[in-house]
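Each of the next two complexes has chain A plus one more chain, namely chain B in the first and chain C in the second.
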Partner chain A sequence: MCWLLGLCPVLAVTTSTINSIAISAVFFIVLVMTKLAMAVTRKWTDPGAGITVFLLLIISSTLTATADMGTKTFFPDLHISLGIYLSLIAVNCMIISRPNKRTITDALKTGLGYVVIIVIIGIAREVLGKGTLLGDTILGSGFRASPVSFFILPSGAFLVMAFIIAFINSHHGQRKLQEQNRGKT
Partner chain B sequence: MKLSGKVIPLIMLAAVICLSIFVLSFVYAFTEAPADTAANRIAFADLHRVIDAYDFVSIRPDTVWQAVDSTKNPVGIVFRLFPKGYAGKIPVTAGIDLAGIITGITIAGQGEILKETRGLGSRILEPWFAEQFKGKSEYQVKLKKDGGDIDAITGATVSSRAVCNGINKGTAAFKCFLADTTKKGFISKVLPDAGQTIDIIKDTAWYALRGCDTLGIAFVGFCFGYLDTISFLVGVGRDSNITGIEIQQSQETEGMGELIRESEFLDKFKQGKPEAITGATISSSAVIKAVDEAMKRFIVYIK
Partner chain C sequence: MQAAMKYAWFIIIGSVFVNNLILVRFLGICTLFCPGAKLKEFLKISITLMAVMIASSWLGWIAYYGILKPLNLIFLKLPVFVLLTAVLVQAAVFFFRKKMPGLHVLLGGYLLLFTAHCAVLGIILLAIEQNLDFLQTTAFTLGSGLGGLLVMLVFSAIRESVKFAPVPRAFKGYAIDFVALSLMSLAFLGFIGFLGIF
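What follows is the complex of A and B.
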């Protein structure tokens, strides 16, 4: 059973490994800092659920805007490649914050999971779709002459995601089997 | 108090909002300048390819830039135009140095698409086509079949011509930005209304402009008179007629050769019929002959 949330950057940005690493790193930082900020202010805001949503909105937007400006200054090439999807991190942050339990370890786990999956998709798309990894060519020139450019297109991203979902489902399936077996014995 | 339970979250919210505003403004102020220079460095990569310069100053956003060297002296301009080709607009970036000579062009640079027919018009992207523009003056930038020096791509005449036209238009429109802002005031003595000048040949010939309009050219020349060298300054308008002439230096005989300084003699140049002065034949004919030769040499710049 998987949650498929925050998929927009997956399609557009994971075309190369370095982009995937960049966006997932920024997302991770923003997510963790949002959780920290929310934890700090939770003491005073529990009663009103409406206020919590507002706070989440403001905090995640501010942090994303800060990350955006920081990237523009220190990594201008990355900023151009990531473009608008850097700002979308604000939305993903808010979406992912809601179903989670509001603890920081949860944020760390979700963030790291996101990083791992995005980077895997990025690697798969770059290696199969272009024949390079982090810009260095690793597959032979024969492959690079006509790589499987299907993977560069969004449909390729979906295919890679499908494999990942299948893998996770099978992993959960095995665990369920184990629990049932334990129950039987 | 029943109210405090509701008020405190609101105060908290207000506090967070204020804090966010502060943080964002601070980060923006801190990063704006370095972000701009970083972005410029990438955007200017294209410009660096057409002219050899240290930095660029935007004169008109995204259209004209002034190229400067490390001591902030202008070394030329770069402009970007989109002349209409066969199937759409062709992005052309061209660099011109202070003498009006093209330093290089790029067709459809980074991130720009060329809509011309693949295999025909798109062949203007071949490196040799852009290379041949280097070192040409604006009067040579025409297809060979139009009287210029540029080889068109076989089968892509329209596209090639469009590039030439674009460069010509750009040069004509933006040449004024090449002007040397240190005013050569003396030129207005022979070309009234002249404001700025552009060097054609250093210390010898200049374009005279007012604003962005070329009024004409001005040049200095020398000849050997009866006793010593005579130097003169001539202004020629766009209609190839002399607008003014002034003798700058002469050491001829008083009352005879020195009469070349008189307006009676000089005005005849403006009418196109210079006449030698009786009694000062050597000095005046020397001047007439030298002015004539200089005219032949520099008239090409006015066409």
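What follows is the complex of A and C.
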């Protein structure tokens, strides 16, 4: 079963592979460090209290602001192409929701899944929409000259996402069918 | 004054149709996939979202141009905006629970959804990035909220009718919703250049 959490960066900045690698790296670091800080403070805060939400928001927004400044200093081009979506990691649903789950293994698992999906979408959109992979021509110069620029548009992002969800669904559906058959025999 | 009002109208129309909140800027997509939400719920959600967006963008604008910029503390803008919105929403929920129980029952649950929401934060950041003044920020936020309302209503109608369509098994559920969003986004692409707005 797939959950749809934190979709803004997945769809918005995955127009090229390098962008998606950059945003997923920042996202992964912020996610793991926020979960680490929340795990450390678990003794003093209980998950139902409103103060936990504020603590979570302070930690994640400070970390994201730091990452934003770091990107601006060391990779100014990337900072321009990621735009506001880098700052929006601070309120990403993946980090903000589920404050009860405060283990590092959970953060690593969900974070890695998220990174893999983002990079797959980035590769698919760059290869189909620009005919390049990390800047190199990959499907021939004829395709590069007239690529399917639909995939660079916002609607292309939605379509790629639809196919990825359909792939996951069909995989799970087959497994469920196999389990049912096993139950019958 | 008249020129400023005319410009504000252009900003509203541009942010409803051309630079739509959900279909072009991808802000607040998570809200579309609230489990079991129908037309009525979407109406409540989007009106709450609009109210929170307007209030927090006013607060954010005042905080940025009144405090952060004169004191040269621009690097603090992200934590300040996030915390302002969270405090505003929590205070509103608290106030409604004490003073207006009817409104609390109607909107309280949805209000908590926007404690930390990408659309609310994204609108303030975009308004700051584009150097909009106070009137333009209001127009921009109002237009974005109306754009979100429009897309949510159309999306819920599409979802209702997809229920009766023969959808392939793998595409059932979220996947067909994304195909619908893709086609809607393609349709909204036709508005580019509408009234000379890009």
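The rule we apply is simple: the second predicted complex is superposed on the first by the 169 of 185 C-alpha atoms of A that agree within 3 Å, B and C clash if a C-alpha of one lies under 4 Å from a C-alpha of the other, contacts with A are read in each partner's own complex, and residues count from 1 in each chain.
The criterion applied here is as follows: a residue touches a chain if its C-beta (ideal position, glycine included) is under 8 Å from a C-beta of that chain, and two chains touch if they have at least 3 such contacts.
Computed from a predicted structure; not experimentally measured.
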Chain C versus chain B on the shared chain A, clash or fit after superposition: fit
Partner chain(s) touched by A:Ala166 [first = chain B, second = chain C, both, neither]: second
Partner chain in contact with A:Thr103 - chain B first, chain C second, else both or neither: neither
Inter-centroid angle chain B-chain A-chain C after superposition on A [Cα, multiple of 10°]: 70
Chain B versus chain C as contact partner of A:Ser87, first or second or both or neither: second
Which superposed partner A:Ile51 touches (first chain B, second chain C, both, neither): first
Contacts of A:Asp77 with chain B and chain C, given as first, second, both or neither: first
Which superposed partner A:Pro154 touches (first chain B, second chain C, both, neither): second
Partner chain(s) touched by A:Thr41 [first = chain B, second = chain C, both, neither]: first
Chain B versus chain C as contact partner of A:Thr62, first or second or both or neither: both
Chain B or chain C, by number of chain A residues touched: C
Chain C versus chain B - closest C-alpha approach in the superposed model, Å: 7
Chain B and chain C contact sites that coincide on chain A, given as residue numbers: 54, 58, 61-62, 65, 69
Chain A residues within the chain C interface of the complex: 2, 4-8, 11-12, 50, 53-54, 57-58, 61-62, 64-65, 68-69, 83-84, 87-88, 90-93, 96, 153-159, 161-163, 165-167, 169-170, 173
Of chain B, residues touching chain A in the complex: 5-6, 8-13, 16-17, 20, 23-24, 27-28, 31, 34-35, 38-39, 41-42
Touching residues on chain A, where the partner in the complex is chain B: 41, 44-45, 47-48, 51, 54-55, 58-59, 61-62, 65-66, 69-70, 72-73, 76-77, 80
Of all residues in chain C, those that touch chain A in their complex: 23-30, 33, 75-79, 82-83, 86, 90, 115-118, 120-122, 125-126, 129, 168-179, 181-183, 185-186, 189
